[in-house]
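Some structures to go through are shown next.
You will see two complexes here that share chain A, one where it goes with chain B and one where it goes with chain C.
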Partner chain A sequence: MRYLMRRSFHGVLLLVAVSVLCFLFSDLAPGSFLDEMKLNPQISPQTSTALRAQYGLDQPLAVRYLRWVESVTHGEWGYSFAYNLPVSSLLPIRARNTLALTLAATVLAWAIAIPLGIWSAYRNGRWEDRFTMGATSFLLSVPELVFAIGLLFLAVRTHALPAGGMQSLDAERFGLWQKTVDLGRHLAVPVTALVLASLPILVRHVRASMIEVLDMPFISAARGCGIGEAKLLLTYAFPAAANPLISLFGLSVAGLLSGSLLVEAITGWPGLGPLLLEAAMSRDLYIVIGIVMLSTIFTIAGTLLADVMLVVADPRVRAE
Partner chain B sequence: MKGKRKLVIAAVFLVSLHVAILCAGFVAPYSPTVQNRDFAFAPPTRIHLVDSRGSWHWRPFVYDWEPRPNAIYEYEESRSGRRPVHFFVRGAEYTVAGIFSSNLHLFGVDAPAQLFLVGTDNYGRDQFSRVLYGGQISVAAGLLATLTSLLLGLLIGCVSGFYGGWVDESAMRCVEIFLVLPWLYLLLAVRAFLPLHITPVHAFLLLVGVIGTIGWARPARLVRGIVLSVKTRKYVIASRGFGASDTYILRRHILPETYGVLLTQAALLVPQYIVAEVALSYFGLGLSEPLPSWGNLLASLQQYNVLVSCWWMFAPALALVLISFGYHEVANAFHEQLQSGST
Partner chain C sequence: MGPEVARMATSPALLETRGLSKRFVIRRLFLREQTVIDALKHVDFQIAPQRITALVGESGSGKSTLAGCLARLERPDEGEIWFQGDEISRWNEQQLRSVRPKLQMVFQDSPGALNPRLSAAQIITEPLEVQRRERGSSLRAHACELMEEVGLSANLSARTPLQLSGGQRQRLAIARAIALRPALLILDESLSGLDLSTQAQIVNLLLDLQSTYGLTYLLISHDLSLVGQVADFVAVMHDGQIVEHGKRTQIFTAPQHDHTRSLLAFRRRLDADRQAASAGGRL
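Moving on to the complex of A and B:
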């Protein structure tokens, strides 16, 4: 418990550091959202100056930062220039969509990777193992971007799956079941792209840690006692091999978020990715900072979750 | 021995890809900017060995193509003239690496026929040539950004590991921040703060700088670990006893120990950074037209009709996959070599 408290405190410190870094960067960079506005002849210089004052962009860095911190405590997270809304009213729904996508992809990827990795480790060196290794080393070199565009191409070409968005246009009239099916069909392309991209690393790690465990004496002992191979693999070897995999789960959150950013933006999934791109294009400062903070929170939460799982799963860690 | 052979094969594959990209002018039959407005979105030119009368030719040949009347983006072969494919032909002038210029091309066909190996884009520019020339930009961006990351990482890692104390402490806190952030989010965020409308050369340097500086954390941490372990070895302590200076120890004893890690990191980072450039350019935040790069070549796939009907526009994606495959195989084989060497 005390460990958890300490970790959370550490996480908060990290967040503060990230936000300071973001503000420093934004200050170093020339230009802002309102500079683009100056190019627009329909907006008078007075309006532009008034807007600068309203958003507080004429203040020095420290003042702007403190104002932002204040708005965070109010739960506003700054103000979007382009939407003219508090950032906090834009982010949650996008974050929910991103989480739905990454969660579905994570569950599916692990559900495929664990059996495949165990099987590959069990058949170590045979053709099945070699085939899996060859396939993963090929998949490893195909970036998410290419998976996403390729799958989009297939979806559009075959008309089997909808391309882009999260719901069909007439989704409002659907019943609950139809809505779920519709959501699933829209999820299919981005989730498949993410799963294909993250699968090879997971399979390789599962395989590597299983091979290590399968070499240990207690496995030979159990085998000598006449325990069946299936039981041996699943209840003896796998729990012993799970430790590094749980840590990997925590570490892979950041990579998965990065991957989902690309996949979302390409397949038009309305998550954080497209919003961040849009904000990067229009230099919507507070949205960018808000999304960076949010992605940091997700990553920290992921590692924390992995640590908790480690404590639950492994009595050796608990004893420390 | 088997591991060594694997490494050699992978390295040869990777090097030949790079040579092909470096000598794009020689390998590509056309200049990347020459437009053929009459042949926009032409599919790959068919290469034949058997002519319309059914007789066999040892030398491959193509037919003239002409637009189908009353249709756009549709072309057909006119079976009248047979144009054999020649090797080492004279064509458009080009320079290799800005050093020497030539007009010799690996292959080509006689005018008026044209050989588009992987079709053309919306201005009728030869996609194969553009992929090769685009590779120069994308791969150079990846390599330079990797170099930036590794140098930064090496410098910070060495100083932090060697001197310790508050320098080490603060550097490692920074590493933590950079490692906890999903790097693509960070990349986009930093890009968001920088100006959008800039010249291509500035855009290229900016891109390399941004991608390179974001990735310094992992190499820095790895280098620091090595420095920490090497620093306490007996021969280092001995040479210190003989009065060796810090820079001498760093250069003679510590730097050579980091090469293995740096090389493996390089082989992992280069494909990642090439993909970063491609992603940014794909979304219009990186390099834009006239300069071809794999990212902005792929960007045409954002248009629905191109995505659906022009499969050859995926050619840059294939090139991207090939080069990352090469790097991953080299990294793998090299890692195995290191492992077997140390045990």
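Moving on to the complex of A and C:
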């Protein structure tokens, strides 16, 4: 418990450091949301100056930061210039949509990677392993951008799946089951793109960890006791190979909000990706900072979760 | 083959190999090029019951591959393995299930020799559970008995291997191996890496267990001093072949093969250096 408290305290310090850096870097970047307005002849310089004062952009950096901290304590996380709404009212729905996508992709990728990596390690050097390694090498060499565009192309050409968005136009009239099926059909393209992008890394990690463990004498000793191969792989070798995979799983959790931004933007998934892109292009500062902070919270939570899982899973870590 | 080994051939051996060969093929990804390593070349070898047979040779001579084949952790490419009257070289896992308990191995002490996630008691009860010999509370009691038998306090039963010393880990590995009451215990460099005092204690333990249970040992070692003290028979391996096999006194006093002679000469030089070093230390 003391360990968890210490790690949580470190997490809060990290959040503060990231927020300070966000403000520093945004201040270094040229231009602001209101600079775009100056180009519009219908907006007078007085109006622009008044808005600058209203949003506090005429204040020094330290003052702006402290005001933002104050708004965080009120649960607002700053104010969006473009939407004229508190950031906290914009992010939850987008974050929920992103999580629906990334959770499905993460669960599916791990569900495929674990058995495939174990099988590949077990057949190390044989044709099944060589085929898996060749396929993962190919997948690794293709950017996820290409997967997303390729899958969209297939969806458009075949009309088998919807090409973009999260629900059909007439989804409001659907019952619960139809809505679920509709969501699943819309998830198919972005989830497949994300799975294809992350699968080779996961498979290779599972395989490498398993090969290392399968070569250890205690596995030979267990085999020498007459233990069956399936039980040997799943209950002896895999738990012993799990530590690096738990750390990798922590990184998967950490990337739940930030790992799909590109695919979301390409496939038109209404998650944080398009919002971040739009906010960054229009210099809607507090939305960008809000998304970065949310991603940081997930990163901290992911690494903390991995550490806790390691303690639970490995008696050696518990002993330390 | 020496006269003693010839006599052994007339009495039933516990384990015997005939023309045993094993090769490893290393292929390179996407290339046709492959390297073939003949680890064992037509090995004929016998292990006399209730005796200590030592297998000596340089690193890479094929000792551990032979041990792996004998314990059927590796499948030989050619030849026969006769164990207690059965030819087991082509048996599948299902058939081997009845033989596994009688053929146990103890490996060199290393972080991977024992499952690092299990406690000492779990490591000992693992083979009993796999073979479905015991269940429940009697398992735990049996584990403690076995620990006492190999000189480990039952208080250590909850510790994991990394919380034990090297000597304690080897005792634990021996306890796991004898839990199934094997006929043959293959000691694959099991005493390497231990200090001399611990090594002597483990040797005494093995000799005690041999007299109690009538165990047969195959001692794989490159330490000829140790082999000279405990082995009844010695087989010398070189380049995947048994180049000499006979009674220990015969091998040590009248070696027939050049490789055996060079191994013994090296051992004498090593012993002389050790004596000189210890004499220098006394001065």
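What we mean here is this: the second predicted complex is superposed on the first by the 312 of 320 C-alpha atoms of A that agree within 3 Å, B and C clash if a C-alpha of one lies under 4 Å from a C-alpha of the other, contacts with A are read in each partner's own complex, and residues count from 1 in each chain.
Please note the rule applied: contacts are C-beta pairs under 8 Å (C-beta built on N, C-alpha and C of every residue); 3 or more make two chains touch, one makes a residue touch a chain.
A quick note: this is a predicted structure, and the numbers were derived from the prediction, not measured.
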- Using the superposition on chain A, decide if chain B and chain C clash or fit. fit
- Once the two structures are placed together by chain A, how many degrees is the angle at chain A between chain B and chain C, based on Cα centres and rounded to a multiple of 10? 90
- Which superposed partner A:G228 touches (first chain B, second chain C, both, neither): second
- When the two structures are overlaid on chain A, which partner does A:L4 contact: first (chain B), second (chain C), both, or neither? neither
- Message: By residue count, which of the two partners contacts chain A more extensively, chain B or chain C?
- Response: B
- Mind working out whether A:V63 is in touch with chain B, chain C, both or neither, as first, second, both or neither? neither
- Query: Which of the two partners, first being chain B and second being chain C, lies in contact with A:A240: first, second, both, or neither?
  - Reply: second
- Message: Quick check on the superposed pair: does A:V317 touch chain B, chain C, both, or neither? Answer first, second, both or neither.
- Response: neither
- Message: Quick one: is A:A111 in contact with chain B, with chain C, with both, or with neither? Answer first, second, both or neither.
- Response: neither
- Rounded to the nearest angstrom, what is the minimum C-alpha distance from chain B to chain C in the superposition? 6
- Item | Set intersection of chain A contacts, chain C complex versus chain B complex | none
- Residues of chain B touching chain A in the complex: 173, 176-177, 179-186, 188-196, 271, 275, 278-279, 282-285, 298, 301, 304, 307-308, 311, 314, 317, 320-321, 324-325, 327-329, 332
- Residues of chain A touching chain B in their complex? 14, 17-18, 21-22, 25-26, 28-31, 137-138, 140-143, 145-146, 149-150, 152-153, 156-157, 254-255, 257-259, 261-262, 265, 276-277, 279-281, 283-285, 288-289, 291-292, 295-296, 298-300, 303
- Message: For a test of understanding, state which residues of chain C touch chain A in their complex under the given definition.
- Response: 27, 29-30, 68, 71, 73, 93, 96-97, 100-101, 103-105, 107-108, 110, 112-117, 119, 126-127, 130-131, 160, 162-163, 173, 176, 180
- Can you check the complex and tell me which residues of chain A touch chain C? 125, 130, 133-134, 215-218, 220-229, 236, 239-240, 314-316, 319
